[in-house]
Amino acid sequence: MITVIAIAKDGSIVEPKLDEISFEDYRLIWIDCYDPKDEELYKLSKKIGISVSDLQIGLDEQEIPRVEEDEDFYLIIYKAPLFEEDITTTSLGIYIKNNLLLTIHSDKIKAIGRLHKLISTKKPRIVFERGIGFLLYHILNEITRSYSRILMNLEDELEELEDKLLAGYDREVMEKILGLRKTLVYFHKSLIANRDVLVLLKRKYLPITTKEDRENFEDLYYDTLQLIDMSATYREVLTSMMDITLSLENIKMNQIMKILTMVTTIFAVPMWITGIYGMNFSYLPLANNPQGFWLVMALMVVIIMIFVYIFRRSGWI
Amino acid sequence: MITVIAIAKDGSIVEPKLDEISFEDYRLIWIDCYDPKDEELYKLSKKIGISVSDLQIGLDEQEIPRVEEDEDFYLIIYKAPLFEEDITTTSLGIYIKNNLLLTIHSDKIKAIGRLHKLISTKKPRIVFERGIGFLLYHILNEITRSYSRILMNLEDELEELEDKLLAGYDREVMEKILGLRKTLVYFHKSLIANRDVLVLLKRKYLPITTKEDRENFEDLYYDTLQLIDMSATYREVLTSMMDITLSLENIKMNQIMKILTMVTTIFAVPMWITGIYGMNFSYLPLANNPQGFWLVMALMVVIIMIFVYIFRRSGWI
Amino acid sequence: MITVIAIAKDGSIVEPKLDEISFEDYRLIWIDCYDPKDEELYKLSKKIGISVSDLQIGLDEQEIPRVEEDEDFYLIIYKAPLFEEDITTTSLGIYIKNNLLLTIHSDKIKAIGRLHKLISTKKPRIVFERGIGFLLYHILNEITRSYSRILMNLEDELEELEDKLLAGYDREVMEKILGLRKTLVYFHKSLIANRDVLVLLKRKYLPITTKEDRENFEDLYYDTLQLIDMSATYREVLTSMMDITLSLENIKMNQIMKILTMVTTIFAVPMWITGIYGMNFSYLPLANNPQGFWLVMALMVVIIMIFVYIFRRSGWI
Amino acid sequence: MITVIAIAKDGSIVEPKLDEISFEDYRLIWIDCYDPKDEELYKLSKKIGISVSDLQIGLDEQEIPRVEEDEDFYLIIYKAPLFEEDITTTSLGIYIKNNLLLTIHSDKIKAIGRLHKLISTKKPRIVFERGIGFLLYHILNEITRSYSRILMNLEDELEELEDKLLAGYDREVMEKILGLRKTLVYFHKSLIANRDVLVLLKRKYLPITTKEDRENFEDLYYDTLQLIDMSATYREVLTSMMDITLSLENIKMNQIMKILTMVTTIFAVPMWITGIYGMNFSYLPLANNPQGFWLVMALMVVIIMIFVYIFRRSGWI
Amino acid sequence: MITVIAIAKDGSIVEPKLDEISFEDYRLIWIDCYDPKDEELYKLSKKIGISVSDLQIGLDEQEIPRVEEDEDFYLIIYKAPLFEEDITTTSLGIYIKNNLLLTIHSDKIKAIGRLHKLISTKKPRIVFERGIGFLLYHILNEITRSYSRILMNLEDELEELEDKLLAGYDREVMEKILGLRKTLVYFHKSLIANRDVLVLLKRKYLPITTKEDRENFEDLYYDTLQLIDMSATYREVLTSMMDITLSLENIKMNQIMKILTMVTTIFAVPMWITGIYGMNFSYLPLANNPQGFWLVMALMVVIIMIFVYIFRRSGWI
């Protein structure tokens, strides 16, 4: 799907069709291309003069974030979070050529959608008027805020998990931890790669960015550092939680086994005694004594009490 | 809440209202702004000429420690310990502009409170007289001493935990370890970030610091290194303790299972014998023999003694 | 086995015998030598003027990837994946001398085979026409795509494993994980070593590569980085899975032990009671009471229900 | 406690009182100050002209090893092993000012004591005659030999532990491992910090050291590297031992559980059969048959033998 | 023990006694000194003019590999594998002074022995004729091949261990893994230290080495890199194996416990029923019914079958 937003020479924000665009008519054009069909990609390539094979780099979900300076365009690969079953990340290709900024991606990226919607409904001139570097900053900023939002939620989830863990722990908590760890592994790697892109952008690398843009990228750089720090901290906390759960499970197991052992031990001798008096010998001591039953009962109760006392003294009960 | 302490031209220490300050009347002004309401922040921004968005950076609890040199002010972000349910850390923003030092934070920081109280009650000229770099040093020093105090307590807790662990270990110890590890994760990250700030401050970076200030920052730098070292050591010790507890739990489990297995094994054959003699056959060997009961009893006791002997020889008892 | 493919001066692609080659007759010659016998190696050495001991370096499966500049030839050692029982890697030696490119390897490398087949069947001039650097790029590219293909499959296997793990986990899953971890260990090391080779090739090191070749190597370099990143991520995910499985096993064990303990505990007292009433005393209370049996039965059922209630309240059932 | 040893102008070694010293009378003075009272510290400070606050740095047990060049003295902080309940480390402050070397420490350091005793009893001129750098070398060397001695003992303990571990493992071994790991954590950190001090000393940093001294420090540097290497190796070996013990415990547990399961399983059916024949039915098959008892006994023995055979075939016995 | 091999001016290889040597008579002398007695060391020291304390550095088994340039000799410390109970490493001191190469070591080093034997039996001129650098290369090469040989064996052992592990795992496997891990820890450290020595030797450091020697050292350097790589890979594989075994043990334990729980659960109710009918009440329902026995038997069998069905459906059997 290809959508176009542009600012005309007169400052009005319009959404022309791709076919109808002539680049000179606009001050700035943002083309967003999401999961394009082959013919769409071909058409786009022809229109903007970037080869299909170059465009396909931006569609590869695994591409490494970087800034590439080609002959007549810049290519920025950036990692964005992806909300699917598990939260993972995908690569986004950003091509800048003259007054054109093209974002291309094979997965739906929420941050792009949000910014696009904002511009097409509120038509804020400001995003477009300050030039292509400022638009780029807005896109990257929106993505960074996506990470930030997810990590904030994650902190709440962690707190909740910890409470659940100590209260009494169950399978679902483990599965949750597994999911969170995977998310953090992907996030950590993506954020570190994005940081390297931002380092380049904040130093006066691209002629398309103004000094003000670079200051914005610097802020974004610190935000990303902060997110990296958060994700590292959360990972360590998760690891601690895993270790603790293993120990807690062991403690529980010990308690279960103690109960089993106590029950078995306490009744072992009394059961043997009942067994003895259940034997069909013609002569059994005390068997015909009218007090015999009560004597043996008393003996068994005493034995049970002795064992209960021993276990209590050993701290098992 | 905004509180102001200033030293007047005549050397007296006063606490003016924010509205009444004119900066030229004082040699040095320290404004502390804790969890400000929106209108307070706005008023402050207007008074001191630093934009609200710049001030909000100082209020973000997750901000990365750093030194930023802006056009007409310096911003230092520093991590301070935070005493809440668990001991974590928060960010503190310090703005320096001419003869004004502004500390801004969204969480209550004990070190700031302590220093503030000290100045407002004892009115010690010394902190203020040596200039703004010396005041900055005093604030950072007080924060570093907060870390130091907590880590000292932590060492005692560790010793105590270890004793508890070896004596007989329980759930609360595990929860304690989980809490301590989390605290150390946060501390380690914060201290390393603070160290980077101090590296900048001890090298002649800011024109606001004198040579003497920089020597003070160097001392602070070594104190922070020492704290980092301590926190790293404590983390390793905690990890060792976790590993050990897992093994100790396993050893205990083994002992519990040994008891269970012994009891079950020792009584298995005697119980079978009583079962055999409990069967209602018209003919049971020895059943009518008057010595029968004693013979079978003797057999059972011998079997029990053999098993006890076997277990003792195997080192189970 | 030695196979030769060459492009003649007239641009036709031919497959001459090794013995019949005179190097001046061809524009470019690719000799592939797989697991050569001693006489083959000797013959090859004599023909191309590279000593047998130098050629044997390329046959060592453990050789470290690198670029070596010898007096009259270049030697590139590169790691390629090897499909055997477990997926490991092997070393490939590439010798470049004038218009000759020699690949030598003691294990069968699929990527080489695939490229060789492609050239000998489709006879594409393009691979040969752009010079020896371009042929080298094609060989390394084919190898990199082998890694890529295996890692893609691996991701699917990982997803599958995770489902199996959570659904109910078994020995085969563990063995699978062990195998995958080993594969990733070998891949990670090989890819990092290959990356170092590509760093050299992409910088203008070898006079045999054109500017275009170096750009191709740069693309290959980024592809390799991407693969390294993937393999690192997969390893972390595998480690998480291992940790989770240990915990899941423990949870299962706890549940098994709970059942055992419950069964033992619930029936302990009722069994004792039946034992008591099985004793052969002449006097047993209630024994002759016609309601005696039902009273005792009721008592036992009540006891069982009390224990069931206790276990249910404790959350065991 | 303050003790003084000095070499007079005439080469004789004397032990003057602190109060009576005039620095010009001696060629070289070594003052050792151990856990000084406040008044001692004050007196010392006045005598040697180094401020109390500077001296207190040397008394802080946690101080980071380093070399500090102050206006009129040098301060070297060095870590020494401390023999208490567990073997940890403490900081030692060494102040060098003209012909005075002051060692100050709040814990008793054996190496210092040993060197002091050696000098006061054997009165070896050599230590003193070659200047203050040589005395410094001797002190640091004695400390390094303390580490060395402890680590050598540790190796023996490790060997012993390993034997115990494989022979049959017990609580005390675990506690021993915990202690050793803690010792190694402290040693590793201390030795790395000391190494950094020696790097400075072996490069021509201090004007107080001669070329020969620096060569001595270089030897000490290599000795320290060797100790770091040893401690790292021992830590890895300890970690391996911990991992192994966990597995060995599990193996033992499995064996215990196998016994329990076998006993329970083997007797389950025979016990049921005795139960069946213990039931008080007026009609029991075979009950009145004179061979009945022997038939049922034979059945039970056969069942037991079948189970024993099954378990043996499964490799449990 | 001191053995001498030398090449005379006329090119013949001889084995003179140490006492009879005059250094000018030979082109090159190799003295090997293994575990010397004090008088031997003293004699050697006097003969070759290197102090005893310098020679003792070479005898220290823990010495760090390095190259030392002394006034009139070179000292190279190198780590060699040592075949004792466990395979560890020892230090070897190599002293080079004019036309003398002295190897000194307190443990028996196989590689030295092998080279010595080769020279004394085959008397190959080549080793000696190319100068002292070439002899040094031969010694280091022989040591490197020792490592290589051991690591190759280790790979086979690893394969074997893995098979044993999956087939059914036992104590001896664990002890084997512990041994292998220790060996790899020592090897890894030694190889890394040796690599640093080779880095120095391959760069034109020593005037005693020719350009050809340095190329040989470069080859040795790559061989050592390869060995480091192998040892790192093996260690990771061992760690994976350890983790897997822990999980496999747990799986086995679960299966054992399942059997125990099933047996106990299946027979709990039937045993209770036999207990009930074993009670000596004058009135037992069905007791006098001739079908009573068969009805109760049928009930018990049905209960057993229900439980077996439940366990089967739960996947326990």
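Chains here go by letter, A, B, C, D and E, matching the order in which they are written, and residues are numbered from 1 within each.
Going forward, a residue touches a chain if its C-beta (ideal position, glycine included) is under 8 Å from a C-beta of that chain, and two chains touch if they have at least 3 such contacts.
Only a predicted model underlies this, so the values are computations on that prediction, with no experimental measurement involved.
Visitor: What chains touch subunit C and also subunit D?
Guide: E
Visitor: Using mean CA coordinates as chain centres, what's the gap between subunit A and subunit C in Å?
Guide: The computed centroid separation for subunit A versus subunit C comes out at 25 Å.
Visitor: Can you check how far apart subunit B and subunit C are, centre to centre, with Cα atoms defining each centre and the answer in Å?
Guide: Using C-alpha averages as centres, the distance is 41 Å.
Visitor: Mark out which residues of subunit E touch at least two other chains, giving numbers and ranges.
Guide: Expected reply: 246, 250, 253, 257, 260, 264, 271, 275, 278-280, 284.
Visitor: Order of chains around the ring, counting from subunit C in the direction of subunit E?
Guide: C, E, D, B, A
Visitor: Applying the document's contact rule, which stretches of subunit A touch subunit C when the two form their complex?
Guide: 62-64, 66, 168, 170-171, 174-175, 177-178, 181-182, 185-186, 189, 193, 242, 245-246, 249-250, 252-253, 256-257, 259-260, 263-264, 266-267, 270-271, 274-275, 277-280, 284, 286-288, 290, 292-293, 296-297, 300
Visitor: Okay, in this complex, where on subunit C does subunit A touch?
Guide: My answer: residues 162, 166, 222, 225-226, 229-230, 232-233, 236-237, 240-241, 243-244, 246-248, 250-251, 253-254, 257-258, 260-261, 264-265, 268-269, 271-272, 275-276, 278-285, 315.
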